[in-house]
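The block underneath contains the structure these notes are about, expressed in C-alpha cells.
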C-alpha cells in the first residue's frame, strides 16, 4: 500500500535521510530503528507531509503524496503520533480526539460522527471518554495514548507511531505494544513503528528496517536483523542478545 | 518626470542622502539596542521603551539646563535614571507577568507607556523643552555637512554593539543572559538567580535607553509624546534584525534608515516611511526569523 | 433559562433606553460605545486565538475611507460603498494574512507585522493628502438635512442608536456562532500547536485566514459605521497604531474569552476616559510658586495604571474574572488557570 | 551526605511527594525507580531547588538545603542533570559547559574542569563549537552531564539519562556513569531502565504515587520477584 | 436677585502635542479675558460662566466635548479651538446642532470655505491670508532688498501636512503662482516625523532663495537644527505662526541663529503702538500681559498666542454679546448670530489692531470669516519682535537678505 523510492532530505548541507527505499503491505507492522539522529523522525515527517522531501517519491495506494501538505495527507489516511506528545491543552481529551475526527477523516463528517469516532478511538487506547476530562489529568503514559487516539480518530489506513513507549515503565510498555497489535488486528491498520526499546518492539513487528546516518543499512525479519553484525555495531551493542531473545519470543 | 528623477539620482545630494541615511541609522541603532537586548532575553516587547528614553531626555534636560550640571555628567545621570526605570519596570510589572500570555505582557508595557506619558505630562507639563546645545557639523565639502551629533550617535551605537557583543559572547554574565532566553527554568541549576539576572538585563536595557536619550536630547525637543515618533520604528528594527540579535538589529537600523531617507529624497517624506514599513512586512515574509538572523 | 432571561432583560432595557429619557449626549456616548464594541468584538474573534493583530486600525481606516471616498468622489451610496470597503479590507487581510500564515509568522512577529500594516495604511492616507485630506481628516458630504436613507446619514440620533444596537447585537451573534463552530476547536488547536493540528487534518492556513478575514471585515464595517455617524474621519481617529492598541487594550480589560468581554471593555475604557477627562478638567495645581502639576495628564496616568493592574490581577479581563467567580460559586471549587 | 526527611512537595494544589525520607552516603550510587508519574523527577527537582518543598528537611553534609536560596544550591555541591537534558540549544557546547561554571566560586576552576570534561568525553572536544541543539541524542546527554560536572559537584543527580536513546548509546551512558563514579562522585539516579541501572548502583529506592515503598541494595532488588515483575517485564 | 449668566464652553488642547505647540497659551489668553470681563461685572448683567474642556489634541475628543458641552452642560455657545483639524468637524457638527461657535484660533480656510455655516464665526485671520501676506511681502521687497526680480525669485514652500500647514501653504502657492514666482519645491510632512534630513537635502538641491515654512513646534526646531547641521542656506526664512509664534523656543533651540527669521502672524498685541488703537484698549493689553506673566513667570518673550486669543475673545464680549442682549434680547444662537453679522469694528478697534466685519449672506464663500482681519510680517532680532510689514505698521526696516554671520546665510 505504501511505496517509497529514493527518499532524501537535506538540512542545509547535512543529509538527514539519504536515498531510502522501502515498501509496506497492507496490514503489516514495520519496525523502524536506528541510532539517534539517524533520520527516523525525519522520514515520518516526510511521510506525513510536515517536511517536503528533497528527492524521491512516496506513493500511497499508487498515489504520489510527496510534498502534499500535512492536512491533506492526514485526510488521505495517514495518521501519525509525535515523539514528544503534542496535545492541545486548552481542549479536553475528548475534544482533542474529536478535532482529529472532524478534520482528519475523509469526506464530509458531521459533528456527531466526529465525536463518535473520537469516543471509539479513546476507548481503543483506554482513555476516559467523558466530555470534561482535561489533558492535565494525564501523565506521560496517558499523553502517549492520546497521541495514538488522535491518530486513530482520523480513521487512518497507515499509522506512523513515533516512540510511543519512550519514558513509559515496563507494564505500560507492554500494554502499549498490545494496543498496537490490537489496532492492526481489529482495524486492519498498517503501522510503521519507531522505537528504541527493543525488547518490546521486536515482539510486535513483522519486519524491521534499520537506518544509520540517513541510510538504510538493514531490513528483514526481526531475528535476522537482531543478528546482523552491522546493526549490532551501530545500534544494538550489548543489547543484541536480549533483542534476539525478544525477537524469537514473538 | 523621468529627467527630474535621473537628475536627482546623479546629483551630489543623492550621496548626501545616503550619508544622511547612514547617520539616521546610527540613531535608530542606538534606540533599538536596549530594546533588542530585553526583547531577546525576557521575550517581552516593551512598548514603553521609547517612553523610558523620553524620561531620560527629561532627566538630562533638567540636570543640564535647570541644574547647571555639565552635559556629560547629566547624560551619565540620565543613564542612571533610565537604568533604574528599566529595573523598576521589571521589578514592578513584568516580573509578575513572566508566566502570563505574551499578549498580556505586551499590553502591560502598553499600560506603562500611558503611565509614563501621563506622569511626564503631570510633572513636566506639555511644553517642548530644548537643550539648546548643538555640536555643530563637519564640513566634507562645499555642499555636504555632517552633523556631529549624528556622527557621535553612529560611533556610540557602533561602539556599544561591539561592547555588547563582546559582553554577551565572552563573559559569564553574557552567556547567562543568552541562556536565560532559551530555558528559564533550569537556570537555577546553573546557580543563576534568574530574578536578579532579569533585573540586571532590564537595567542594562534601560541604561542603553539613557544613552540613546543623551543623543536624542541633542537633536530633538523633549516633550511627553516624543516616544510616539520613535516607538514603532524601533520595534521594527529589532524584529527585522532578528530578536535578540544585536548585530542584526544594528544592520537592520541602516536598512530602515536608508529606505526612509532615499524614499523621502525621491518622493514626499511619508513615502519613505511607507517604503520602509512595506519593506519590513515584505522582509518578514522572506526571512521571518529576521533579515540578519543566522540560520541555525 | 437563567441566562436567556438575563439576555432578554438586557435586550429590553437596551431597546427601551432612548425612551427612558436618556439625554442626547449620553445617547451619543452609547452609540459610540456600541460602534466601538462591534469593532472590539470583531478583533476578539481572532484575538482570542492568539492572533494578536495590531493592524486593525488599518482595516478600520479602510472601512471608513473607502466608503467616504466612494460617496464623495463617485457619489456611490454607502449601501454599495460599505460592502466594497469590506471587500477591500478582506482583500487586505488576505494580502497580509496569507503570507504571514504560510510563513508561520506568529506571536510577537505577527503583532509587529500587523503593526507595520497599520502604519503603512496611515502613512498612505497622509501621503495621498490631495485625495484623502491627509491628517486634516475627511468628511462625507452631507446629503441634505434630516435623514437620508440613500446616504445613510441622519441627524436623528435615535435612528443611529437602533442601527448601532442592531449592528452590535449582530457582532455578539457572530462571536457566538464562531464560538460554537468547529472552527473554534481548530483555531484553539492551531494557536497552541500548528504542526500537531495539521497532523490531524486541520487546514491551518485556511482556518486562520478565514477568521482573519471575518475579523477584518467586521472591523471595516465598524469603521464605515463610525464614519457615517460622526461624519468625520481622520487617520488618527480610526487608523494607525493608536487605534490598534486601543482596540487590544479594551478587549483585554473586558475579557477576551467571552462574547461580552469586548463590549464591557469598550464601556469601561471609553467611559473611564470620558469621566476622567471631565472630572479632572484643565486646571493646573501648584504645589509651590514654581512647581505646578499639570493635572490634565492624570487621565492618561490613571488609564495606564489601571491597565497594568488589570493585566496583573485580572488577566482574563473583567468578564473572565466574573465568570470564574460565578463558576467557582456554582461548583464550589477553584477554576483551573 | 544527602539526607531527606519527611519531604512533601507538589505543584500548586497538586501534591506529588508524600513524606519522603531518604539518604545517600558519600561515594554511593543510589537509584530511584518507580512507575510513570510516581514523582521521581519531582524528587530530584525538590533537592536541586527547582521547586520548593512544602514540608520537611533536606540536608547536604549537615547544612539545610531548604534554607538556602534555590540558586545557591548548586554551590553546595549538588548538580542536577535534568529530565530531557535541557541544554541551551542555541549555544555552543562550550558555552553550555561554561554555564555549568557560572557561580563565581567555580569560575577559577573553569579551564581545569573543562579539560576534565573533555577528557571524559573526547567527543565533546570534537564538537565544542557546535550548537547544542544540533547534537545527537547521545551527545546531548554527554553535554548535559558534562555541564553538571563543571561545578565540581559532590553529588550528581541524574534524571532518566537513558531515555529515548539508542541501545548502544544507553550502554555508553551507563558506562559513563560508572566512570564518573570511579572519579569518586556520589550519584543519585532516576531510571526506567531498571535492569541496567541496578547493575551499576549500590542501593535503590522504589517510589510509587509519591511515597517510598521499598528500599534495598541493588542485588536484593534485582532478585526481588516483585521488582522483576513490575519493573523489568519478567 | 438671581444673576443672569451666559454659559460658554471653552475648548482648547491642554494635553497632547498641540498643547505645547501653542494651544495651551491660547487657552490662557481666553481665560485671562473671561476673568477680566467677569471682574468688570460681566456683560449687560450677564456673568460669564466658562466651562473649560480639553480636546487632548484629538479631533474625536473635540467633537465629543463639543457635543457634551452643548447637550449635557447645556452651554449657550462654544468658544476657542486651536487646531483646524478639530475646527473642521466640530464647526460642521455645531452648526448642524444650531449652536453658536466663536473660533479664536484655528486658521485653516477649510473650516469655513464653501461650507456656508450659519452659526460659526471666526474673527481670526485665515490661513490663506498668511500665505498671501508673506508672498506680498516678498513681492514688494525682492527687487529692492535682494536684487532679484520677483519672477526670478526661487521660493520653497514646506509645511506640516495638517489643515493648518496645508491651508497656509495653499495661500503661499496660490499667491506665488499668480505673481509668477518660481516655486522650486512644495512639500508637506507630518509634524511628528522623526527625521527631516531628506527634506533638507531636497531643499539644498533646489537652492531656494526664500523658504516659506509652516509648522508646529517640534518639527520647526527639528527642521532648523537639521538645516543648520546640514548646511542649508537661505536669504530669508518666513514662518507662519504656530510654532514660529513661540519666540522663546526658537531661540532656545538654535540660539542667535534664530535672529532675522520672519514670522507671519496676527501681530503680537504687545508690539502695537498704543496710539494706533482705540482708546482704552492699551490698558487691557497691559492687563492681559500682567496676568500672563503672573501665570507663566518664566516667560522671556511674551508669545503672540496669548494676545490673539484674548483679543478675539474680547471682540465677542465687548461687541457681539452686548448687542445680542440689548438689541436681540438674548443669548440664544439666533440672537448671537444676528449680533455677530452686524459687527462692524474699524481697524484699530481690537487689541490685534485689525477691524472686524463678517460677510452678509451670499457675499463670500467663507461665511463667518472676519474680512477685515490681517496678519503682519514680524521679524525677530535678538529675541525682540519687530513688525516688518505692512509698511504702515513697521517698527523695523526688514533685514533682508539674512546678514552674514548667521549659520544660515549664504556665503
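Residue numbering begins at 1 within each chain, and the chains themselves are lettered A, B, C, D and E in the order written.
To be clear about the criterion, a contact is a pair of C-beta atoms (placed from the backbone, for glycine too) under 8 Å apart; a residue touches a chain by one contact, two chains touch by 3 or more.
Predicted model only: the values in this text are computed from it and were never measured.
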{"item": "Joint neighbours of subunit E and subunit A, given as chain labels", "value": "C"}
{"item": "Shortest contact path, subunit D to subunit E, counted in steps", "value": "2"}
{"item": "Chain centre separation in whole Å, for subunit B relative to subunit A (CA means)", "value": "49"}
{"item": "Rounded Å distance, subunit B centre to subunit C centre (Cα mean)", "value": "30"}
{"item": "Where subunit C and subunit D are represented by their mean Cα positions, the distance between them in whole Å", "value": "52"}
{"item": "Touching two or more other chains - residue numbers and ranges from subunit C", "value": "126, 294, 296-297, 300"}
{"item": "Residue list for subunit A, restricted to those that touch at least two other chains", "value": "none"}
{"item": "Multi-partner residues of subunit B (at least 2 other chains)", "value": "121, 125-126, 268, 270"}
{"item": "Chain-to-chain touches, reported pairwise for every pair that qualifies", "value": "A-C, A-D, B-C, B-D, B-E, C-E"}
{"item": "Sites on subunit E touched by subunit C in the complex", "value": "12, 14-15, 19, 27, 52-54, 56, 58-61, 63-65, 67-68, 70-72, 84-85, 88-89, 92-93, 96, 108, 110, 161-163, 166, 188, 190, 297"}
{"item": "In the complex with subunit A, residue positions of subunit D that touch it", "value": "34-37, 136-138, 160, 163-172, 192, 194, 230-233"}
{"item": "Touch list for subunit E against partner subunit B, complex", "value": "14-17, 19-21, 24, 161, 187-190, 192-199, 201-202, 204-205, 217-218, 221-222, 225-226, 228-231, 249, 252-255"}
{"item": "Touching residues on subunit B, where the partner in the complex is subunit C", "value": "43, 45, 47, 93, 96-97, 100-104, 106-108, 110-126, 224, 231-232, 235-236, 239, 243, 268, 270-271, 273-274, 277-278, 280-281, 284-285, 288"}
{"item": "Sites on subunit A touched by subunit D in the complex", "value": "33-37, 83, 139-141, 163, 166-174, 196, 198-200, 234-239, 243"}
